[in-house]
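Below is a structure I'd like to ask you about.
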């Protein structure tokens, strides 16, 4: 049975972002679905990212004034309408024929920051130059060849991307068994169009370790971060920080922001939930740089909890991609609006009319 | 398949109030059922309200004397036969053709306090003037126009309602996805007959926030409570307190009682269970005013636990409405009698022949 | 479909006492099954009695000597071959045509102490005078009329019963919903043959409480225990103690032993598991009298854990009744042998060749 | 339906060692399957061995250098390529027609240490003398007759086995109900070919305890360990230690290594998971001897966790036997390679390029 076409109108039974999941399933091939949903190993961390939020309890406040409240925030010198950002997701033409162009349109009409992936299937230029473009950050996978990375940085700067998000937790792809069982391969008509060509994967000699003597040979290190900091004119944000030790090191080195993330549970199984790692990272960062939270956001209340525990904003991934697959730009915009209004409801019912008022005291800890 | 008619006799397999649930389901439309059962979001709090009780353990005492015990209590100058009160539930003609009149009859024959909702489908006068009327409190949703609220207060006072219960945790309706998916709308023949007409919902301008610039514009605040206290001759009880901070504020302001409640999990998902919030509220209130507990009561042992943790009485909602739907006034009366006798059994087997003897020491904490 | 006949040989797939459950189900009427299995309310405590054992972890010891070990114990001046006793269970002709006579035979051939219920369907004399009789204790439900109780005590003493077990946790029968839904009634051909006739249940006047003004009027109190202590020549053991306060009171009053029990979860739901209450009771008793544990034993390791936490012996109920229903005396004997050998295996593998060596240090706490 | 033949090629949906389970099931008789999978009692410990690992959380480190890392370790004077050893498993011709010969071949081509069982179905000489033999240790069940044990020790020494692993936690076989229900018996064509003949099981006289007066009469004791230490030229490792008391005793006596193990949950049910016992054992051993961990390893991350909590290496049992049943030597080799590469990925993503760098600080405790 071939996948259905995207919806052109949001049906009345989609009332929460998780409702997009079933609609997306019907509109994606088994391979694309496996690629989107899969996590590393037994997917404990994938599930934990979600479940951890439901175990954090709100407190609720009554009779407070929230009239005139708003969800605006300022980050690295720019104002954003709300703190729900689109996480970098690779190869979006797997999910919708317009790929990242469609996502960007949905983001633009909802004034939503989009983080474009290095591995996008639409060039970073095309996304930035669209008539209706959202605020943009560029996610950078550091390349084995620094000149390739530098070229990406320069292009992103030229096109008005406002920050560089360097993914640091994916030195290798992770053992994604679900993807392997589905025999996932990128379809031949898709490629990472920002890159000169698919960079060759480093290989190990016979008898050597594919991991230690292959993949890790070209994995980025802290020295590469220093190099980016010295070369880039944009704020540099590290994505994939879970250990307080790494957060502290990054702050000392001068990075401008951190994204607490376990890569959606896709790289290393049995990591803690991102939201579980956030408080320990926030404690060691102690306000030196802004922290964002990525992983497991499915409700406005999840956004609220992340902010209460120290995040300035959050990134969502699978939910908007499911909405993209189900209903294109319309779906992306609807999913974001849904999350944002849920967030506003929680803010109003917690006595916190602005984001900076959201603190741990608004949770039942 | 159209809903069945109400039962005219209680079948032998209804031995606990939860047994009414299946009978009610068969006698309600999908929409009415969704309205009754739905909670906010993923309904974590709906479930938690129930599960939290089963995790609180009784202790059991043996060989104590309980002969001549009773369940009477005195509250705001009135004596009540037992501490199981009927929570305010809106639009009861959704559940039974006689609506609140049927509920009141079931309450009257069991000497049960009924809290009538502002949004009743029978006027507060008709309920109070019935030949067989129960003790009554009036639940007040503060209206955007104070003169409308004042009129309700005066009418309730005139009709002998004994207290005002102001619901403070529902500045907006909550994101009730189950209700939305069922496409719930009030049937055209039903309306909130106590109110002059459906008050217009405040709307936000295009581009504004429906929450912050719409709903919250007319949401009640603490100043409205002060105003009610200055205007009303009746005890004023706030319903929907979960945060100790709010409980303390209310006590300082001079309210006469508090109802710990998360609105049956209908407004904000991932709040703690009401019974979980009770001890922290009771600690800060420290006896200044009586506290009632609303949410999750399905057993006499639940009533006992609430009293042991600081409540003077409890409110039940869905259970009596399910009984109403299943068997009208007969069902309501039977449900209350069942809960009351279960409570008496727990009291007898815990060595507590009167309510004031029930303390935390009777639980296994 | 009418129930099957009892087995005359133990089939090879009965290798643990819980394997009798399915065989018993096929050999009992719905009513008898409901009576046997039912607990109070939602049966949380029934389940908790079982689950609590699986959460207590053994430690395991290696290379210790256990040759020549044994399971003998001495209690109230008598030696018993093993610490697995048969709990009093009423109306055993519900489960096997020979009722308590069959149980007694199975107990006798395995040298197992049997506690005969006041509500037996075979007279206490007939059980005691059987050619092959086990060691016997008599369980006493104190009767509203002390002369009836005294007659029972005298008969038990005359027939060589070695102790009186007074059930103190069943002032009323408990709200056993499963039994009610099954419409359980004692079949007309069965009765409590030890009693002069079914004593009238105390009734409440119309408008009075069935509990406080009815049942509790004749419920036994501490003064009745004092009276038994003054009248009986046998050791007096209280069954149904869960609260340390009651355990202490009983010790001060001079009772000779305690049985920690929640009546198999049949009287008050959401009590702790019996094994959970044991350590707190044992701590307050502090060796003044022997303690037995009743409730949830399904494995030899459960017996071991109870002894490690302060019990001198345990009582099993439903498991032997299921074995009785499935295979008569043969089943009872096989069930006991199975439990006993499981206990011996745990003792051998824990380095505890005798019961008195079993301590909390043999658990992983 | 008769069992299928072993696979001759690894199908693409086997991507984790647990994927072998379903393939093995189709290739084994019910009896062999029951023998392989069964645990003691209700198999709580079997499950706990697995679940405990998923509750231990990694931490994840980023941007560390792991190029040139490796998994080598040195133990008792020998270097091993990786720390994933094959646990002793009896009667392997139950699982594959070539039995231990096939396992040894799979081990050899992956440079994997194999621990051969006393109860092998291929002689210890034949395994050692194969053209392609892996590094070998010999597992010794101490025999009732010391001369039989001594002969085994001498043969193992003569054939180049590098250590003796004495199983100390199986004084008796454990109450393996699943095995009993399947009616497991060793097929007549299989036997323990290393032993002179099946040694007679000690029997108890009628009325005696099969456990205390039978099996335990010939169970090994600490004196037997002392005797082995005095007789053997090889390092002596005790397998089956769970209690810190026993670990300490063994160290004081001079044993050379310990294997923390609950025998795969096959001997005593409701023991803790092996990985739960490891930290307490490691604390008391305090580096005096190397510790290995056996039980529940299904992922490279499990290996990493065991090493972080104090183990020098791990043993896997059921996973490689399932692979053996599914695909013979090819399966064994593939299973080991899969685990090893998973381990390497975790090491690389945890910033630990060598085994000695793996510490508790790399977990989220």
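Going in written order, the chains are labelled A, B, C and D, and every chain counts its residues from 1.
One rule holds in what follows: contacts are C-beta pairs under 8 Å (C-beta built on N, C-alpha and C of every residue); 3 or more make two chains touch, one makes a residue touch a chain.
A quick note: this is a predicted structure, and the numbers were derived from the prediction, not measured.
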Inset, instruction - Averaging each chain's C-alpha atoms to get its centre, pick out the one most distant from subunit C. - result: A
Legend entry - Type of subunit B:subunit C copy interface by residue overlap (half), same or different: different
Inset, instruction - Using only the C-alpha atoms, find the rotation that maps subunit C onto subunit D and quote its angle between 0 and 180 degrees, to the nearest 5. - result: 90
Inset, instruction - Could you put a whole-Å number on the gap between the CA centroids of subunit A and subunit B? - result: 42
Legend entry - Of all residues in subunit A, the ones touching two or more other chains: none
Inset, instruction - Could you pull out which subunit C residues touch subunit D in their complex? - result: 12-13, 15-16, 53-54, 56-71, 299-301, 341-342, 344-350, 353, 364
Inset, instruction - Mind listing the subunit D positions that touch subunit C in their complex? - result: 41-42, 44, 168-169, 171-172, 174-175, 177, 180-181, 183, 209-213, 215-217, 219-222, 224-225, 238, 240-243, 245-246, 262, 267-272, 276-277
